Amino acid sequence: MDQLTLITFLPLVGALLVLLTPASQEKALRVIALVTTLVVAVLGVRLYLAFDGASESMQFAVDKDWFVLPSSAIAVHYKLGVDGLSILMVALTAVLMPTVILSTWGHIDKRVKEFMVWMLVMQTGMLGVFLATDLVLFYFFWEVSLIPLYFMVGIWGGERRLYATIKFFLYTMAGSLVMLVAVIALIYAFRTSDVTALLERASTLDAHKQAWLFAGFAIAFAIKVPLIPFHTWLADAHTEAPTSGSVVLAGVLLKMGTYGLLRFGIDMFPGAAIEHAPLFMALGAIGIVYGAFLAMAQTDVKRLVACSSVSHLGYVVLGLFALTRSGLSGSILQMVNHGISTGLLFLLIGMIYERRHTRALDQFGGLASTMPLFAFFFVFTVLSSAALPGLNGFVGEYLILLGAFQTSPLWAILGVLGVIFGAVYLLMATRRMLFGPVTHEENKHLSDLNVREVALMLPLVLLAVWIGVRPTPFLDQSRGSLDRLVRKIETARGAHSAALDPAPASNTEVIR
Amino acid sequence: MSGTWLLWFIPLLPLFGAAACGLIHFATLAARKKDPSASGPSALAPLVACGAMLGALGLSIAAFKQLAGLEVEHRVIESAVWPWIHVGSLHLDISMVVDPLSAVMLLVVTGIGFLIHVYSAGYMKGDPGYAKFFAYLNLFVFSMLMLVLSSSLIGLFVGWEGVGLCSYLLIGFWYEKGWPAEAGQKAFIFNRVGDASFLIGSFILIKLFGTLDLSDVNAAVAGVAADPSKAWWLTVAALCLFGGCTGKSAQIPLFTWLPDAMAGPTPVSALIHAATMVTAGVYLVVRLNPVFAFDPMVLTVIGTIGAFTALIGGTSAIFQRDIKKVLAYSTVSQLGYMFLGLGSGAFAAAIFHLVTHAFFKGLLFLGAGSVIHGMHDEQDMHKMGGLRRHMPKTFVTFLAGAAALSGLPLLSGYFSKDEILAHTFAHGGFYYVLWGIGLFTAAVTAFYTWRMVALTFFGKERFDHHHVHPHESPVVMWAPLAVLAVLSVFGGLLGLPPVFHVVHQLEHWLAPVTEPGRALLEAHGGVHELSHAVEWALLGLGAVIALVFAHLGFRRYVKGTESDDNVQRTQPALADFLVGAWKIDAQYYAKIVYPSKLVAFVTAVIVDQFAIDGLVNGAGGLATATGDRLKLMVDGSLKTYALWIGAGAVLLALLWMFV
Amino acid sequence: MNVPSEHLLVLAAGLFAIGVLGFLIRRNVIIVLMCIELMLNAANLTFLAASRQHSTAQVVNLDGAVFSIFVILVAACEAAVGLALIIALFRLKQTVESDALSEMKG
Amino acid sequence: MNPQDLLHLFDARALAAVAPLLALSAGLIVLLVAGVFRSLESLRGPIMVASLLVAGWFTATNFGAPPGSVIDGTYLADRASSAWGLLFVVATLLAWLFSQHYYSEAERPFQLEHDVLMLSTPIGMTLMAGAQNLIVFFIGLEILSIPLYALASFRRSRSRSVEAGLKYFLLGAFAAAFFLYGASLLYAATGTLQLQEIAKIGIHGPLALAGVALVMASLFFKVSVFPFHLWVPDVYQGSPTPVTALMATGTKAAAFAFLLNSMFMLPKSAALLVAAIALVTMALGNLGALAQTDVKRMLAYSGVAHAGTVLLVVAGTLAGDPEANGALHAALFYMGAYVFTAAGAFGLLALLERDGERFTSLDALKGLAQRRPVIAAALTLFMLSLGGIPATGGFLGKWMVFSSLVRAGLIWPAAIGALLSVVALGYYLRVVVAMYMQPIAERDAALARGPDSSAAAAIAAAVCAVFVLAMGVLPNLFLDRLI
């Protein structure tokens, strides 16, 4: 079997194995899930290493007939492939999952079997989204990956889990269904569902049609990212989700939105993307600040981190729609970075929640005295999230802001303000949790992190340092694809400015 | 050392030291878990940390020697390059570069850093976070060395933020008390504001030059003059970078974090908040002197901000009761001097003052630490007095530092400060105002310095003898004091003024670095020479003012605290205004911090939950409500159903017939 | 005597309308059933009239006539089932008013 | 009709064309005869199944064969009608399987009558789907409807069942009268009852248009779209659940089959009107379902919404879908998926009802996942398919329907339709929420596991689940063969 099929469906096989194991064998269930994800992680790393970042084309491509849409004789293929736009996300999805599964030891103690099934199904769905190079197949995985989280939040979530999960599902579904119409329209416009072919041809559509199709796709992705003002589902979903659900949601699921914007927004419709870029940059930049302000006002630390996601993903969108080389590179890297640092934050919050059964900031204070290891990891993660140079977050944010600055100094400056506000809410949370005297009796005898907890975070911590210190190999993975994309954007930009202004002004100099 | 990785070990040794100390810390914690009284391996920490510092110092001296052995035009040693961020054609690489400027900084950082490490071994003894402290301290030195040695602005920024982080961690070192953690947070956030500005500056540089390599940027500046739009951008870039300096080097408007930073252990104040980190801004301006000198307006802005910062800092120190607060405001004030010097185009003079300030302010802080240590953590000078009898060694060294700070003739501070004022004066025009401010501040400085000396070491012993037994500090603490005292006294030899007809060693040494900036200034007509007569006059004026006001300060306070009480009684508003540092911080809280919190609350509750989420939930609610209404259509009655069918059929017929 | 087809069509339309109105107005289910019969017969009448209208001397168009025979047949079946249902209703509720048929709604 | 045509009545192709009808009729007679003898009671099931399977097999053989028309072209067995025919057989089979062990002790003695009535419905449906003549359609309609009237009130001791039957009967007859009168007007205007002839002559003049309107009204009644759908919730809720399953799937499919055949009668300008009707239907169905607390009634409303969705393809065709068979393929696949999904869902409700009638309420489904995990999982699958989530047949059906609209340029109706399906997910999810995410009620916890499931129902549910999944994941199995 080919590599991509194997990596995509291995989790599903694991899910079936779990399904066949009696629910009472909790340990076995966990081990099966862990081993499956570990194997997938190894496969993911292997794929990552074998991937050629300089190449512009889809690699490891798989192409098999799937079915023929009747009446128009459009052949839908089972087609997978990976290129520079997706390789990092594939690797992240593969590598993050063992950590997630390992983290469930602490907080999933009922209906373990179902949980593992959903986790593994979700991994298949997510990998499918990033790997599918047939539009129908993509949409297929896109929606399938929603369902597991719906169950995870709904069954293992907190107090208002039903509200949160229904809101999450319906909201993202609303976007998806609008996208469905756009997907169909695009497929029938060219009578093919092959993404590579569509990427080549979609920009030949007339501008009006492109704009509409772009809007159809973009709205689904904007909800998923989530871009303001479509973000309100996120805080609820995060707050109510179990730790592992939050980690996956922040780590990978949201990236499906930004990845979609990149692949099916910018790459598919560069002309429309250029036209709408100011709007998206504005929403991204405003989102950065808006999310930060939201975070500042939160009293529940998990909700705070959820709001920070809005802010962080604002960076990604800002960078993407800067439509410059560094902005795009930074955004792709930042998707990974956000997965790592926000993932870590959720893990840490989960660990403290398991001990204290509360996430209210005022219930803590002085944890650094009682849980020094926890404090160390927390501060480390906060710094990674606040983009301290030398850690992962900085590289992404710097490139994003740099790219944005080249296109639109105004929105970049707003984004830079987010750097300040980001530090404000993160440090405020840190101080209120870790520092000061221990005021609550319950906090005096908390046990520090155990070996499992440290072990499951270590890979992410190391990755954060690695990316921070040596980002170029990671950036290089998308070099070829981004070269291609930037060329495409430049071509479209030429056409665009020619259409706007027959005699282009000479001083619109674009550096890099 | 050139082209090798060896230079990298100057910053990396302290980094390894930090990692090792961190492990020691956790090992200590583990040991303490089993036996709460155990100290574990924490005693190893100072050895490791000081060893790392010694190694870095040795390498620095070696690098310095090698550099000095080179011809003047080729005085640059560059290490192997670490390729950091490569995106498209943009290459942000870092290498370690030792040139005359970084060599000076290198020696200051490793030298004073080493002394303070040694001091800390005594000062922090017995603290539960002993090893952690050294880990942070080493980490700080690593960051500071990165800042100083980086070949690229981005590498400099790594250090720049790194020192900010360590400052945050060290200010909040005693986090259990609460307020140190808040002070640390404040420091970090204020620095972040500056850093944001710094980032924008770096974006513009990339936009203009496509590189952040410092020497490439410096070389490219001259080419910008031809293009007015580029020139405009370069000016903006310079201002943005200076914005970063105002954060890191505690200038208006971002200086208010520094006094609060005194919440940290005193060695931290000495190392980070006096000798090294806060001078990073000065270093940056000198490092990129062509960028800043490109537009004279930028220099004027820098000079003005420096002068006013000096004034505000100096005057705020006058009535402080906390000994460390006096020194903190004094630091703000002295940093203002340095920027005043930079603003006058006297890059070497600023570095000169930076060096001497590192000596004497480091000394004063360590001395204050010794006092605090001996007084069982008492920092209020009103509760001290007469300590010269109890801590003679501290007293003597402290005197040397105070004399240097107040600019008593022939001491290091005297020469460096006067050089700056002389350059300012030479500039003429608007700079006369700045010079006036500088001179006034010099008077204030002498006053508060000797007030501090008088209150602390002279007069009646105002402490409670039952609880406080002042004692001299151990040798590991006073030995560094002695070294620094010597340096404070003789540091002035590095840069004697031209009237002495000896070579200004430092200026000469730095000339290759400051030359491009000087050249640009000259092109603008911004370089002025003073006649010897004027120079003599200025030197004399400086000496007189220092002596007079030092005397005034000492006289007034040698008897006790009555003078403070008088002012407090007769001019409560003035005292309040000065103690509160012109109420600027209070204004920040009133105008920025609280409104931000309000905005955050309004955003979260009203905009987000009520308006945006209200729409979302409203859509759901609307659907349900509509469903409930529509249900009534299906009323269970046969006739209703039939009526709809009949009406529907008729409607269909009519529509198709007529539409 | 030859009644014009148009007259028959109008008559049928009238019958159909009466049937519909009866269905809508009357409450007794048996009468409602009879109204349906009336509507069916309106259709039958139209079929027969149209059948005659479309026939020529050479070709007889029997389709309408055939349809009406089927309709009569089906009407009988419907009546049988309908009356059975009405009996079931009466057994349960001792009434044949259509108001009794509104237990389920909403 | 020429006397010569009588000869063709019995040629091989014509026989093959009507073979499914003959098989079903024969089965019906055999069943009736066998029913006379108590000793043959155990044979009733096999006879039922066998006749359906044989009919299915005959239908399947009609696929590959060239279209066979019967009696002067009044009935046509072509690829499309055979595909529909298969669906009818499957729908009946599923409904019958779910009806095993459904009825109470008091009702069980009448199982024979139940089975006979049920077996006669596919005859009507098949006739409707293959009808090329209004008479044939009408006969088919009545062969389908009259047994259903009786089946609806089969539990005659329950007032709801009787109410459902009577309502269905009265309104059904009312609508049939509309059809007849419409047909008579059409006949008066065109002089023919043959669809092809009508197509040739065209719909001109008020008489013909009025006729079309009335015919369409009755078809809309059968497929249950606005404003002819109000009977659906009451009738579906009151009828025995397996019968509801049959009504929801078979009847609707048969009516759509004929609607697609006869939609040429609609004026092209009606595209937007039809789209509007479809969208309003979806809105009413979905919003109405949102307000329900009884799952069975909720599914009835959902059925209305699905009818609206399928009606969209008619709008697509009228608006000029460039693909000639686009509407047919979409409707076929959609209804195909719907047959398995809805039959499965109603069937599982029927299973649950054996614990008591209240078990169709949303409340009683709480915690079902713990009590009956397999049923809960299957019901979840069906809910997702009804919601049109990928990996289920419902998704591709929805895809094809919207494709038809998009091809025809009706983007806005497609987008509105898509958003209305979000509302639908709202209530499908509620079922899942109740089963998986809400704690089990105490009195239900005591039930632990209900009485043993009937094997027949289990098989039927499994078949439904497999097909729903297969249609979603491996649609080529169906698309390649059927179309």
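In order of appearance the chains are A, B, C and D, and numbering begins at 1 in each one.
Note that contacts are C-beta pairs under 8 Å (C-beta built on N, C-alpha and C of every residue); 3 or more make two chains touch, one makes a residue touch a chain.
Please read all numbers here as calculations on a predicted model, not as lab measurements.
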Sort out for me whether B-D or A-B is joined by the greater number of C-beta contact pairs. A-B
Rounded to the nearest Å, the gap separating the Cα centres of subunit A and subunit B is 37
Just how far, in Å, is the C-alpha centre of subunit D from the one of subunit B? 78
Between subunit A and subunit D, the Cα-mean centres are separated in Å by 43
Find the geometric centre of each of subunit A and subunit C from their Cα atoms only, then give the gap between the two centres in Å, rounded to an integer. 65
I need the residues of subunit D touching at least two other chains; which ones are they? 167, 170, 174, 178, 233-234, 291, 426
Residue numbers in subunit A touching 2 or more other chains? 170
Give me the residue numbers in subunit B that touch at least two other chains, ranges are fine. 620, 631, 634, 636, 638, 642
All pairs of touching chains? A-B, A-D, B-C, B-D, C-D
Can you list the residues on subunit B that touch subunit A in the complex? 26, 29, 83-90, 154, 157-158, 160-162, 165, 168-169, 172, 175-178, 181-182, 185, 188-189, 192-193, 195-196, 199-200, 202-204, 206-207, 210, 229, 596-597, 599-601, 603-605, 608-609, 612-613, 616-617, 620
Would you tell me which residues of subunit C are touching subunit D in their complex? 5, 9, 12, 16, 19, 23, 29, 32-33, 36, 39-40, 42-44, 46-47, 49-51, 53-54, 61, 63-64, 66-67, 70-71, 74, 77-78, 81-82, 84-86, 88-89, 91-93, 98, 100-106
So in the complex, which bits of subunit D are touching subunit A? 323-326, 329-330, 333, 384, 389-391, 395, 398-400, 402-403, 406-407, 411, 414-415, 418-419, 421-422, 425-426, 429, 432-433, 436-438, 474-476, 479-480, 483
Note: in the complex, subunit B contacts subunit C through residues 631-632, 634-639, 642-643, 646
Listed in rising order, subunit B residues that touch subunit D in their complex are 620, 623-624, 626-628, 630-631, 633-634, 636, 638, 640-642, 644-645, 647-650, 652-653, 655-657, 659
